[in-house]
Amino acid sequence: MKGVRHYPGFLPLTILCLVVLYTPLIVVAVYSFNASTSITSWGGFSLRWYGEVFTGREAARFGQAAWNSITIALMAATTATVIATAAALAMVRGGPFRGRQASFALINLPLMVPEIVIAVATLIFFSTIGLRTGYLTILLAHITFCIPFAYLPIAARLEGIEGTYEQAARDLYATRAQAFRLILLPLMMPGVISGWLLAFIISLDDFIITNFVKGAGMETLPTAIFGSVKQGIKPNIMAISTLMLLVSVLFVTAAYLINRKGRQSP
Amino acid sequence: MAGPGRGTGSGDATYRALVRPLLIPSWLVIGILMVLPVALMAVYSFLTKEFRGGVIWDFTLAAYDQFFLDRGLFGDEPPRIEWTYITIFWRSIWQAVLATLLCLLIGFPTAWFIATRPARTRGIWLFLVTIPYWVNLLIRTVSLRFLLRDQGPMNEALMSLGLISSPISIINTNLAVQIGLFYSYLPFMVLPIYAAVERYNFALSEAAADLYASRWATLREIVLPVVKPGIIAGCILVFIPSLGAFLAPDLLGGAKTFMIGSLIDEQFRGSQGNWPFGAAVAMILMTLVLIVLLVYARAQGRAPR
Amino acid sequence: MTAAVDLKNVVKRYGPVTALHGVSLAIADNEFFTLLGPSGCGKTTLLRLIAGFEDISEGEIRLFDKDIAGLEPNLRPVNTVFQHYALFPHMTVLDNVAFGLKMKGVDPVARRARAGQMLEMVHLSAFADRFPSQLSGGQQQRVALARALAPEPKVLLLDEPLSALDLKLRQAMRVELKQLQEQTGITFIFVTHDQEEALTMSDRIAVMSAGRVQQIGTARDIYEAPENRFVADFIGETNLLQVDVAAVREGRATVVLPGGKQIVCPASGTSSGRHNLSIRPERLTISDNADLMATVERVVYLGTDLQVIAHLDSGEPISLRLQNAARVSLPEPGQRIGLHLEEGGARLLAD
């Protein structure tokens, strides 16, 4: 008898799940260190493709794309986090009110509608109002779909903070603004940070919507990689992919650690 | 001093009223940059296409006519049902359903296994499943394509092991697209089910076992019904993006594996595009998704709390 | 003398629900005042109105003769000890205690000194640099007290502060709270549903039920002279017997007990007819000089006491408590006994 939690076969399926998820990533990471120009055969360990990423023929193009990606992600994640924090305060601390359900649906709308539909709609919108597609249109689109990703961890965190903390602060002579700045904001910070990190990653990752609203000549890292892959997978792409993989892992680790710390303190 | 209590406010009610307006920025941004565009897209689906890509503001049903009806090459024959696009939709739905089932088959045991680990190791397992969730989908799909190529590492490994004599061609088949969808959205299935299993009261399983239920009978009769909301949420999270997927069919499939996402994308590329038709296809896709979500919402509404 | 807190006809409504129906109370300065009642009786709502977390719907609320209705909580010289303490988890114990002083603009040196003193008072000086999560429940409780007392409020509100502690600690804290109140001279308003807590600490108690104050008085008043059925029943144990009132005069009633015997007892209200007579179980003794005749059903052993559960000849249940002294004989189930009612042991209730 191994207890009601045990089901035979679940461990092998879990391992299968992880193998499926990781094999392609590990294979690409390994091949990014391949010395051979041919992507098929192994020619020994080398960092030449990483050098190629930073100094090679396509370095300028990918460099510009990476710059666009990072600046857009920084601005989009920050703006979306501010909007989402405000929304979470209203939703969690606002009590029951008319339109609360509708507001919740609205905030989560970008998660419900398929990306390709958002892409089409956004392109049509910018085209109709005569806004030239480019950096600005990408940024606006990213802010919009980042909001729910930032919202969810922030609201979850806020729901875990009892209202009595703010009351206690007010009782101890703090104004509303002081109660927010000195008590509520520090307490909800772990949620705000993980919301920001997730929004940042989501923005950095987006391909479909960006591809629609980027306009000619403007590239972000994913669209640049996609364009390059269309002509075949080259080793420098594998090096870039591995670097981006690393960034994702770092971000998830950061979010994980912040969340764990946040759970321990209150 | 103001009259007792009335008109002035110091308490919670005032606080609640003060924070509610903080919703306005999110209403404005999502309203203007998402709701309005979707409404505009609906309008576009009834406009006339312009040949250089774009629209003429003449209202017509041409886009939907093109989707559903075949009037011959010159448009002068009696209308028959146009199967081209319906077939693409049908294929997309099937692929999405299959991917959902496959994800469920692997995802549920994984979620259960992780949720039943001791608290100390659970975090690590969860962390392992979460990482791929946040890795760029394009990079993951490209990696899969690299792995599955005819001369790719998978075929080489199988051949050097002597399991096959010549490479298996997977790329450009429905199978490759299916693997791609499964691989892309598997974490979306695991996480919500995990959340549901974590809240599951294992005393229920013990009670069932006490009342002579076998392990599998307990799973069927008690566990699955109780964690159903998590399972349905996972299925929705896999099904919806699979239905509108673009990267997996585009990078792993070919002409015969064309799906809705590619069909829409094509309408907005260069001068060959047809914006009203693309908008119409997007509308039909969104309607499908809306139906699925409504069924889900109703099922949630009926569920006991 | 001016009341510390003066409530006049305070009504609190939440939409269609009325939580308080015209409550009037005057709490004296330097008093340990307790709001006692079952959950949902409105006692916590009343406390939150005084603190300023809720606005009153009607009526008047005065603090040392100053109308404070509509005044923000941070502008009221009133502090609260919250039920689950609400200690700020991201601040050290010392910073928690100093918070109110910081908000009042006390300079850092002075407020640290004052917070240190407060911690000394609650015997927690050694824990100043810890975080609340590193303290036990009892320690957190003391920090919450120190934090609320540090700004020297005119009134301290305590919202069931002992409910999260275990029995031993709770009993020790009762004594400490009472001492603290006497030491500081601050008016304490204490909310609880635990009558033992209320009876042991309070100068006066307001018994509340269904959004109304049922009775205000000292512990002795409300126990010995309950004014109505709710108070008699809620405070301690009591036997309620339906009796015929023969005559009422000057607060004393002549009533006919089941079995026909007439007695004279104190009465609340002055009506005649059929009313409830409250008899405390410990005021009954087994005696040949019987006012009531009963048949024993069970004897329950309670340690210091014995509870005898019986029924009267008229069928009504009655229970009595006997001290567990070295007695000659215990009543046996089925035995018929005579019950003697001590002088002043019964009280006729108004409703």
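We just call them A, B and C in the order they show up, numbering each chain from 1.
The criterion applied here is as follows: a contact is a pair of C-beta atoms (placed from the backbone, for glycine too) under 8 Å apart; a residue touches a chain by one contact, two chains touch by 3 or more.
Nothing here was measured: the structure is a model prediction, and the numbers come from that model.
Comparing mean CA positions across the assembly, the chain most remote from subunit A is C.
Two chain pairs, B-C and A-B, are weighed by contacting C-beta pairs, with A-B ahead. Central chain assignment: A. Criterion: smallest distance from chain C-alpha mean to the mean of all protein C-alpha atoms. Centre-to-centre separation between subunit A and subunit C, using Cα means, comes to 55 Å. Between subunit B and subunit C the centroid-to-centroid distance comes to 59 Å (mean Cα coordinates, whole Å).
Between subunit A and subunit B, the centres computed from C-alpha atoms are 17 Å apart. Looking at subunit C, one finds that residues 52-53, 72-73 touch two or more other chains. Multi-chain contact residues of subunit A, defined as those touching 2 or more other chains: 167. Each of the following residues of subunit B touches two or more other chains: 12-13.
Chain contact summary for the complex, subunit B toward subunit C: residues 1-14. Of all the residues in subunit C, the ones that touch subunit A in their complex are 51-53, 72-75, 78-80, 82-84, 86-90, 99-100, 103-104, 131, 133, 147-148, 151. The touching residues of subunit B, counted against subunit A in their complex, run 12-13, 15-16, 18-23, 25-27, 29-31, 33-38, 40-41, 44, 54, 106-107, 109-110, 112-114, 116, 123, 125, 127-132, 134-140, 142-147, 151-153, 156, 182-183, 186-187, 190, 202, 205-206, 208-209, 215, 218-219, 240-241, 243-244, 246-247, 251, 260-261, 264-265, 268, 275, 278-279, 282, 285-286, 289, 293. Listed in rising order, the residues of subunit A touching subunit C in the complex are 162, 164-165, 167-175, 178, 182-183, 186-187, 264-266. The part of subunit C that touches subunit B in the complex is made up of residues 48, 52-61, 67, 69-73.
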